[in-house]
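Please find one structure pasted underneath; my questions will follow.
By written order: A, B and C. Residues from 1 in each chain.
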Amino acid sequence: MSEITSAEYKKVAGHSIADPVLQSALESLQSRLGPATQNLYQNLPEGQELRKTAHGYRRKAIDNLDILLETLADNVHKNGGQVHFAATDEDAVDICLAIARTHNVKKVVKGKSMVTEEIGLNHALEEAGIDVAETDLGEFIIQLAGEKPTHIVAPAIHKTRQQIGRLFSEKLGTPYTEDPPTLTFDARKALRQKFFTADMGISGCNLACAETGHITTVSNEGNIRMSTTLPKVHVAFMGMERIVANLEEQQSLLRLMSMGAAGQQIGGYVSYIGGPAAEDHCDGPEAFHLIIVDNGRSKILADEEFREMLCCIRCGACLNVCPVYGKIGGHAYGSAYTGPVGAVVTPLLFGVNNAADLCTGETLCGACRQACPLEINLPRMLLALRAKLSEGDPKWEVQPKGKFEKLMFEAWQKIIQRRKVYNGFLKIGYVLQKILPGQDGMIRRLPFPFNGWTNKRNLKPLAAKTFMQRWKDRAGGKP
Amino acid sequence: MQKKDKVTLFVQCIVDTMYPEVAESMVDVLEGLGLDVDCPTEQTCCGQPAFNSGHQKVARAAAEKFITLFENSQTIVSPSGSCVNMVRNHYQDLFKDEPAMLARVKAIGERTFEFTEYIVDVLGVEDVGARFNGKVTYHASCHLNRFLDIDRQPRALLANISDMKLVEMKDADKCCGFGGTFAVKYSEISEALVEDKVNNIIASGADVVAGCDMGCLMNIEGMLSRKKSPVKVMHIAQLLAGKSYE
Amino acid sequence: MLGRTEFIQTISKALGRGAANPADTDIFTTSASPDQEAVLARIKTRSPAERKQLRGIIEQVAGPLHIDFHPEDNLQDIAGSIGRLIRDKDPEWGTEKSVVRWDHPLLSRLNLESLLELDGVPLHTTDSEAIDNATKVSATEQQVTVREKVEASFIGITSADYLVAATATLAMRSRPGHARSVSLVPAIHIVVVEEEKLLANLEELYTLLKWDPKEQALGLTNCLSLVSGPSKTGDIELIMVHGAHGPRELHLFIVAGKGE
């Protein structure tokens, strides 16, 4: 399993906020993609209802996942492909390594796939002496730089053209340029040889179609078509939930996914791949392997509170509107899954305590739900995760966290339970606040544990008389 | 004489303790509309801060207190979208496994309204006859806008205030970064967000930023004050009560 | 390592399968809905004038998608225009020009081989006939040859099964003679389709693929590619650049009527 670094959330978030390059990249990303997606939703020929209908399609697929996966596997077999089932990340990696050994694979080209990041596939292939090339331009840049992606759809958004220019001239030996078309051409040239000489192409799967037995891949660059057409072996990885029953449902979902991901009506390249090339076809891979990965998903499936999360199609629309993501970028989340989707998926897949800050580090503003093509209720699930962290949960192996905070809230509850006690508390507060440093009638510095508020903000002090007191005075004064 | 409709005030704790004048303005507006206003003075807090931080037992205790206090009120009106969201939506999450309680909180949720929602949707009034001399920009609070779907109502009320110039700020519906305890626990992120918000408010050229939730406005005011900005925060009730500033 | 049975059992257990919680029975659609029948009927009864309208829509959406839509609509003019593209465009790698096309009846009727503009530029065909004659060339050898031709070419010429007007989406299924790489590897992709292959929107395409008996017989094949415009990327500072890995240019020709 690839390691997650979500415990560093606050620290990395701080660095990100202080990084002006990242801040302007995030601003640019959100100001373009967020509104573009909303605009497409507003103009759906089927109307806004389509999003609810599509949520229903996904929900039905998840509720019948056993049947759909059986059907998919049978149909892929019929089409001449092989299907493998991986219960864990290790299983998934081992299956892929065994396929690579069988075909004597030395070089791999990869299309972007979140699940392979989740299971740490690249590292395992490299350990086995196999050359792995990420071929999505953003992923390629990240791989050359030895970094992690910051965005599901635009992984290298945090790097400037100048940084990429220097990186390419250092690693590819190309003359320095900061012209994006030239840089793109340099990458095209470097990767072309990789495509032509690779023995294995690895892809993810955006959404499989059970009734036809096809996986689908979506890209705009054409790198996934290259990876799945030119090498003699194609291995596709699929999170077990990425499936839908039939073609008509898939049509709606792929369109919604394209809107969420890139503000497009439909992705530039959508491929339905159902098996190896037929004997009489003049190109395409000789072998097709589909690896279906569980790796903690069945646990999510079993919990009604979080099952909705499996409806997610990883379009990244929530990243393009989340105010917190817009400030801290992807690295702070410490896993392949970033932004609001990562804040729910990472704790569920990698352990709630390991990613506690991801559960609590949001404002619950609801922009993610509004942007989600399927209106998945991420804020609801964040609240559910927070409840688990407060109380602990044996089923999810959650240890209670933040005991001090809990004690504070329990004390607070005793105070608010009776107005008299509350009034007494407020009176003490009213007196004590006078010793705090002030500015223009506001409090300028609060003591621990509230000091975070006053680093850059003041606070309105408590009023001399609460409204309730004023109301009583007024009522008392009434004739 | 016709008997007046009765409304019961459910006052956000921040308003009660820090901005009591907001609730007074709300009373003025409601009474001006011919309503009989009532206020249970035993009320304290709806439990939202605890709920949002995951402390559901604490939140349940607060919810039970709220239910006891307000169960006999026919119409409950609050100056905070966030608190109404708590009562209308999240109380149901808290009691989802207890059918009897669930029915009670559902019923109470249906009778609980946000201030502008009540005036526009229930009373059918969009012009309360207020006057305000100044330039105002509106901050659309998240819980109000996205979870209660209330945006048209406050904007309609603002549009009908005489002499007032309404200017739109950039990203009016973007979160101000408050998020309850988030603002303290993740203060760096929260500051970055409220900084953007405050910059957008200042860039709009408004004298006043108005909203329907003092949680957000307290956060915004905190940074405006630190920056020594002359821009004031006002709850929409204060504008509707016709209380011109300065 | 778990096998398929255990894997699926884990899922069934997570779903709480049992007598009280069986799978839904209406997961798969077995007959077209009235709405879908109506879509099929609409496609079948579409008049030439309506097809012309679809052509107009494509002309509109092509620009924003960076597709070069060419106005020529008869075989001779189209062939001439393709000839000029071959003559005027520069090869992406090196200086030698070479062109590759599908083995497709419409493309054969263009008679590109006789174009004067070719001027010695080799025009390869990814033909299917070679393997029919199994004694001469094995499938593998043929694939090697096709690959060499495609890699060497700067222009790839294909047709398409369908062309969806609303999104300018080409639908191409893999078949003998229709190499997938022709629309992918060369820097310039030229597409020639008959007007009768035009559909209004993606819903029509999916409905046809799913419910039309002829389409059902063929199925999606091992690879159905939907292509809406040339290759593009925004991965460097969100600046749109065409030609990331697939073709930089996509030229589209629509033949009026059936192109006879």
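Here are some notes:
Note that contacts are C-beta pairs under 8 Å (C-beta built on N, C-alpha and C of every residue); 3 or more make two chains touch, one makes a residue touch a chain.
Source: prediction; values computed, not measured.
Interchain contacts link the chains end to end along an open line, per the touch definition above.
Looking at contact counts per chain pair, the maximum sits at A-C.
Of all chains, the one whose Cα centroid sits at the greatest distance from that of chain C is B. Between the CA-based centres of chain A and chain B the separation comes to 32 Å, rounded to the whole angstrom. Each chain gets one centre point, the mean of its Cα atoms, and the points for chain B and chain C are 55 Å apart.
Chain B meets chain A in the complex at residues 11, 13, 15-20, 23-24, 39, 41-45, 49-58, 61-62, 65, 90, 93, 142-143, 146-147, 174-175, 177-179, 181-195, 218-219, 221-223, 225-226, 228.
The touching residues of chain A, counted against chain C in their complex, run 25, 28-29, 32, 45, 60, 63-71, 73, 79-80, 83, 85-87, 91, 94-95, 135-138, 141, 154-157, 159-161, 164, 180-181, 183-185, 187-188, 191-192, 195-196, 210-212, 214, 220-223, 225-226, 228-230, 240, 245-248, 250-251, 255, 262, 265-284, 288, 292, 294, 298-299, 301-302. Interface residues of chain C, counted against chain A in their complex, comprise 1-4, 6-8, 10-17, 23-24, 27-29, 36, 126, 128, 131, 139, 142-143, 146-147, 150-151, 166-167, 169, 174-181, 184-185, 201-203, 206-207, 209-210, 219-239, 241, 243-247. Listing the residues of chain A that touch chain B in their complex gives 10, 13-14, 17, 323-324, 327-328, 359-367, 369-370, 380, 383, 385-391, 405-406, 409-410, 412-413, 415-417, 419, 422, 426, 439-440, 442, 444, 449-450, 452-463, 465-468, 470-472.
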